[in-house]
Amino acid sequence: MDVELTCYLSGEIHTAWRDEIEAAVDELDLPVDLTGPVTDHAASDDCGVTILGAEQNAFWKDHKGAKLNAIRTRTLIGEADLVVIRFGDKYKQWNAAFDAGYAAAQGTPYIVMHGAEHAHALKEVDAAAFAVCETVEQVVAMLRYICRGELVRPTPSLSVVR
Amino acid sequence: MDVELTCYLSGEIHTAWRDEIEAAVDELDLPVDLTGPVTDHAASDDCGVTILGAEQNAFWKDHKGAKLNAIRTRTLIGEADLVVIRFGDKYKQWNAAFDAGYAAAQGTPYIVMHGAEHAHALKEVDAAAFAVCETVEQVVAMLRYICRGELVRPTPSLSVVR
Amino acid sequence: MDVELTCYLSGEIHTAWRDEIEAAVDELDLPVDLTGPVTDHAASDDCGVTILGAEQNAFWKDHKGAKLNAIRTRTLIGEADLVVIRFGDKYKQWNAAFDAGYAAAQGTPYIVMHGAEHAHALKEVDAAAFAVCETVEQVVAMLRYICRGELVRPTPSLSVVR
Amino acid sequence: MDVELTCYLSGEIHTAWRDEIEAAVDELDLPVDLTGPVTDHAASDDCGVTILGAEQNAFWKDHKGAKLNAIRTRTLIGEADLVVIRFGDKYKQWNAAFDAGYAAAQGTPYIVMHGAEHAHALKEVDAAAFAVCETVEQVVAMLRYICRGELVRPTPSLSVVR
Amino acid sequence: MDVELTCYLSGEIHTAWRDEIEAAVDELDLPVDLTGPVTDHAASDDCGVTILGAEQNAFWKDHKGAKLNAIRTRTLIGEADLVVIRFGDKYKQWNAAFDAGYAAAQGTPYIVMHGAEHAHALKEVDAAAFAVCETVEQVVAMLRYICRGELVRPTPSLSVVR
Amino acid sequence: MDVELTCYLSGEIHTAWRDEIEAAVDELDLPVDLTGPVTDHAASDDCGVTILGAEQNAFWKDHKGAKLNAIRTRTLIGEADLVVIRFGDKYKQWNAAFDAGYAAAQGTPYIVMHGAEHAHALKEVDAAAFAVCETVEQVVAMLRYICRGELVRPTPSLSVVR
Amino acid sequence: MDVELTCYLSGEIHTAWRDEIEAAVDELDLPVDLTGPVTDHAASDDCGVTILGAEQNAFWKDHKGAKLNAIRTRTLIGEADLVVIRFGDKYKQWNAAFDAGYAAAQGTPYIVMHGAEHAHALKEVDAAAFAVCETVEQVVAMLRYICRGELVRPTPSLSVVR
Amino acid sequence: MDVELTCYLSGEIHTAWRDEIEAAVDELDLPVDLTGPVTDHAASDDCGVTILGAEQNAFWKDHKGAKLNAIRTRTLIGEADLVVIRFGDKYKQWNAAFDAGYAAAQGTPYIVMHGAEHAHALKEVDAAAFAVCETVEQVVAMLRYICRGELVRPTPSLSVVR
C-alpha cells in the first residue's frame, strides 16, 4: 500500500520549484498533498495592513503581515509529515531557517534543497535534516521512494526496482 | 490547493457575529469548518441542573453547567486550527479570556475581535494573539487570505491579488 | 453545525447500558461514535492464553489477557473526545477507576455514572470528572446537549430549547 | 516530610493580598516559594516603551509592554505547582482569566479568589479550578494543609489535626 | 553512583506501611525521597468544608475535599520517578486505581502491592505495573536494587551482590 | 462497531510474513491498515546514494540511505496504533529493536514476534511489549480479537465467541 | 523575591556582546545563568573531524561538527527560560534563525537583537519574538526588569521604580 | 561557564568502558554526572525472581527482571541530557538498540560507540545519533568539548584551543 504524505514546501518563492514538484507528483500520481505559504510576495508583505489597518512604522506593518502569514504556516507545518525547505541564491531567507528549526523541535523530518555554495553556512540546518539535495528531481525521487519504495537506477539499468 | 481550517468562534453570544461569519464563509465557499459553544444563553446556564439535578446553591448550579459546557468547548478548542475570540461591549466575558489563555498554552493561534475601548484592558490577551481586529469583515478577509492567499485591495484597485 | 464526538464507554460489562446508549444515539441520530472494550467476559478473560499459550499460574494468564485487552482500550481511550465510565453495583471495578485516571492524565473529559451509594468511595474519581450522573437517560441528554445544544426541559414545558 | 510548593500569585495588583500571603507563609514557615508578576502598575505599563523605544500608537505601547511582562509570567506559570488567581472588585482583569486558561491547558492546578458577586460571571473559570475561595486566610489554610496536612478546626476544638 | 529516586506512596492509609518503608529507607540510607497523600482520614475528608465553607449536600463536601487533596496528589505524582500503590484488605480504594491509571498515562513507572486474593480483580492495574508484590520488604528490596544495584540473595549465601 | 487499527509491521524483511498477515486480514476483512518499511533490501540500501549522490565511504552511503528510509518509518510509526515487530533467525536486526524503543517512548503498544531461542536476549524488548508471540497466526488472531472481540477457541469447541 | 532565569545567548560570535551582557549581569548581581554555544569559530568548525576522524568531503566535515555542536545547543536551549538571539552585520547566520524556530516550537520565549537594516528580512523571526531590540543595554534592562521588576526611567528622573 | 551534563551510559556491560570514562571525567574534573544500568550481569538477570518470587518458566523470570531493571533505566534515560550507547563485540545487545530508539523518540541526543564491523548493521541506529565513534577517548573528548569548548588538536600543535 502506498504511503500518503502531507508535505509542506517552505522557503524560496521566486522560482517555480513548487510548481515543478506539483507537476511531477501529478504525473507520477503520488499520494502526496503539497502545501505551502502564500507565494505572492506583494500579498504576503501587505496582507497585515490591508486587512487590519495601515501602520506608519514599517516594523509594525511587517509585524502584522508576518503574524497573519504565521497562522497559515504554523497550521500547515503542524500538519505536515515532511517539510521540504529550499534556500535560493538570493536574500537572507531567515524564515526558511526558522521553519527548519521549528520542524526539528516538533520532531517533523525535513529535507533541505540548496546549492553547494551554501553548504558551510547551512551546516546546522543540514545537520538536523533527513536529506540534503539540490534539485527538484531529487525531491521527487525521494517522494516516490518514500511513498512507493520505487527507486529508479541510473543507466544502463533504468529498470524500476520495487 | 486551498488550506482547510477548523475555526472555533469563542466569546460574545449576544450579537449575530457567528452567523455573519458563517454566511460570508458560505458565500465565498471557503474551506472553513466553523465551530463554537452553545450560544443559547438560557440553555447554557441551565443545562447542568436540568440534566443532572437541581441545586439549592447557585454556585453549584453554575458549576454543573459550566463543566458540561466545557466538555464541548475543550473538545472543539482542542480540534481547532484557529480560534477567533470576540469581546463585546457588555459583561465581564472572563470565559473569552480563559479560552485565549487555553489556546495560547496549547500553541493554537487565535485572533481577537474587540472595540478600541477595550484595547488597554485586553493588552495581555492581544499580545499573545496572531491578529487583533474589530469587524466580521476583517475576520472573513483573514480567513480568505489564510485559506486561498487572496487579498482584496481597497479602492481604487479592487482587483483580487492571487 | 453538530459537534461530532468519539465517546468511549468504560466500566461495568454486566448490564445492557452500552446498548441502551447506542439505541438512543441511533434514535436521535446523534453524530456520536461509541466505542468500548470487549464486553464478553469469558473472551476477555481467556484471550491471552487462548492466543498466546496456556499458563499454569493464574497471574500470568490474567497478565497476558489484560495486556491484550489493553491494546484495544489504550487505542480507543487515546482516540476518545469523551469517556463515560460506569460503576455498577458489584465487583471491585478497579479497571474503571484506572481508566478514569488515565483519561484525567491525558486531559480527556470523562463522565462518571454510579449509584448514590458509591459517592463517597468515588469522590476522587468524581472530583476529576466533568459530570456525575446515575442513568443512561442522563448520559444521552448530555450527548444531545453537547452535540446539538438541545436541552429538553422537564414538564410542564417539554419544549426543545435550541 | 513537608511538600514543597512553587505557587504563582496571579491577578489583582491593587491590594496587599500577596504581601499578606507572604507574611502568613513566613510566620508558619511553610515550604512555599511565592512568585508573581511585576506589581508596580506604572512600571508594568511602561516597561516596553521605556526599554525598547517610544510608540505613537498606544496599542503598540501596550503590545511591547505586555510581551515583555509575558516573558516573566510565562516562565513563572510554567514553573508553578499551583497558581492562585485573585479577581478584585474593579477592572476587567482579563489577564487573570487568561492565566487561568493557560494554567488549565498546562494541567497546573489553580485556586480562584473572588467575591460572591463575581461567581456567575466566573463560572467557567471556577469550574476548572481546584478550589474557589474569598480570603487570604483560606489560601493560607490550603497551603498549610497541602504542604503539611495540618487542618485547623474551628472552635470549640481549635486543635491542630495532623 | 547511587540513583536518587522520588517515590510517591499511594493507596491504603489504614496500616503503617508508609512508616515501615520510611524506616527501612532510613536504615539503609537509600537516596529515596518518599512522598504521599495526607493520611489523616478525618482531615482528608473534612479539609474542603473546614477551609472553604460547609455544604449541606455530602456530595459537594466530598467534592471540595477531593479537589483540595488533588492539588497535593497531582503535584507529587507529577514529580515522582516511581509510584508505589498499595491495595489493602478493605474498602473500594478506587482512588488507588485512579492513581495507577494516572501514572500509566504519564509514563511514570509504578509498583503495585496487594494480597493474592485481589490478583484477578486488579489484573488491568497489575498489567501496566513494572512490578507486583505483597510486602514492604519487597518494596524496600526493589528500592535498594534500583538505587544501588544491591541484591540480597536468600540463604544460604546471604552475601550482598553488587 | 469494529475497531479500526493502523498497524506498522517492523523488522525482518527476508520472509513473507507481511504478505501472510495481509492475506489473512483480507480474508477476514478486518479493518486494519497495514504499513511497513520498504522491504526491497537492495533498494533500501542504495536509495540514499542513488538519489542524493555517490559516496566513497560506505558509512556515509549507509547514513544517507538510513535517513531517507527514516522519513518513511518515522511517519508510519508515528501514525500507528499498534506496531508488530518481528525478529527473524538471522542478522543483528538492531533496527527492529530501535523501533521497539521508539514505539515504547511514544506510548504506542507493540507486539513482538520471535522464536523461543531469542527470548533471553530480547527480554528488555519483550518486557515493554503488550504481547509476545511466534507465529503469523497468533498476530492475526490478536488483530481479530482487538478489532472485533472474536476469539476462536481451540478444539473441541471451535465456536466463535463474540 | 527575584526571578531566576536561565538565558541562552544564541547567534553572532564575532563581537563581544556575550561578555558585555555577562559583565552587566555580574555588576547588577542579577540571578541570571547565561549559557551559549562554543564561540571559538575554529574549534566549532573543526571539532567533528578532530575528535571523530578526518573527512575528505567538506560536507561531512561540517556535518560531524554541526552535530557535535548540536548536542550542546539542544541541551542548553532545552534548559533555557529565555533565548536571546543576535543577528550581526555579516554572514548568513542561518543557525541563529534555526534557533529562533526551535525555541518558538518549544514554547520558549526569545528576544531578537539586530540592526534596523535587517528588520524586513527578519520579520517572521521578529514576529514570533517576545521583544526586538538593538543593543546590549536593552537586553540587560529587560533582564533586570524581568528578574526584579526594576525599570530605570530615562532622564530627567533616573529614579529606579520598583 | 561550563555546561553541566547528565550522561547515561547504555549498552555493553562486559568491559570496563564505564569506569574508564568515569576516571577520565574525574581527572579532567568535567561537570558530568554519569549514570547507567546495573552492570552486575547475574544480579540484573536474577533481581526479579529473587525479590518477587521464583518462576518455573524462564520467560517470566526474564520478564520480572527486565521490568524491575526498566524502572531504573527509564528514570535515568528520562533524566539524561545525553546518552552514550556502546555495542560490544558479542551478544545481540538488542537492549542497547532499544535504548537508542527510546532516546530518539524522546528527543534526547545520543552517541554510539562500536567497531567498524558493525557499521552496516547499525546504520539506522547510527543515522539517528549525534555522533558515532569507537573509543572511550573519543567519548571523553566530546564530553570535554561539549562542556568546556576545549578541543585538543593532534600533534604537532597539542595546544588546547579554547
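Which chain is which? They are A, B, C, D, E, F, G and H, in the order written, and residues in each are numbered from 1.
Methods note: a residue touches a chain if its C-beta (ideal position, glycine included) is under 8 Å from a C-beta of that chain, and two chains touch if they have at least 3 such contacts.
This is a predicted model, so every value here is computed, not measured.
Novice: Which of the two pairs, A-F or B-D, is linked by more C-beta contacts?
Specialist: B-D
Novice: Comparing each of B-C, F-H or B-D with A-B, which pair has over half of its contact pairs in common by residue number?
Specialist: Answer for the repeat of A-B: B-C.
Novice: Going by the average position of its CA atoms, which chain sits the greatest distance from chain H?
Specialist: Farthest by centroid: B.
Novice: Using mean C-alpha positions as chain centres, tell me how far chain C is from chain G in Å, no decimals.
Specialist: Centres of chain C and chain G (C-alpha means) sit 50 Å apart.
Novice: Taking the mean of the CA coordinates per chain, how far is chain B from chain F in Å?
Specialist: 43
Novice: Per the centroid of Cα atoms for each chain, what is the distance between chain E and chain F, given in Å?
Specialist: 36
Novice: Could you tell me which residues belong to chain F and also touch two or more other chains?
Specialist: 67, 70, 132
Novice: Touching chain A in the complex: which residues of chain B?
Specialist: For chain B paired with chain A, touching residues are 1, 3, 5, 81-82, 109, 111, 130-133, 138, 141-142, 145-146, 149-154, 161-162.
Novice: Using the touch rule from the top, collect the residues of chain C that touch chain E in their complex.
Specialist: 58-59, 62-63, 65-67, 69-70, 87, 91-106, 118-128, 132
Novice: Show which residues of chain G lie in contact with chain H when the two form their complex.
Specialist: Contacts found on chain G: 33-35, 38-40, 42-43, 46-48, 50-52, 64, 67-68, 70-72, 74-76.
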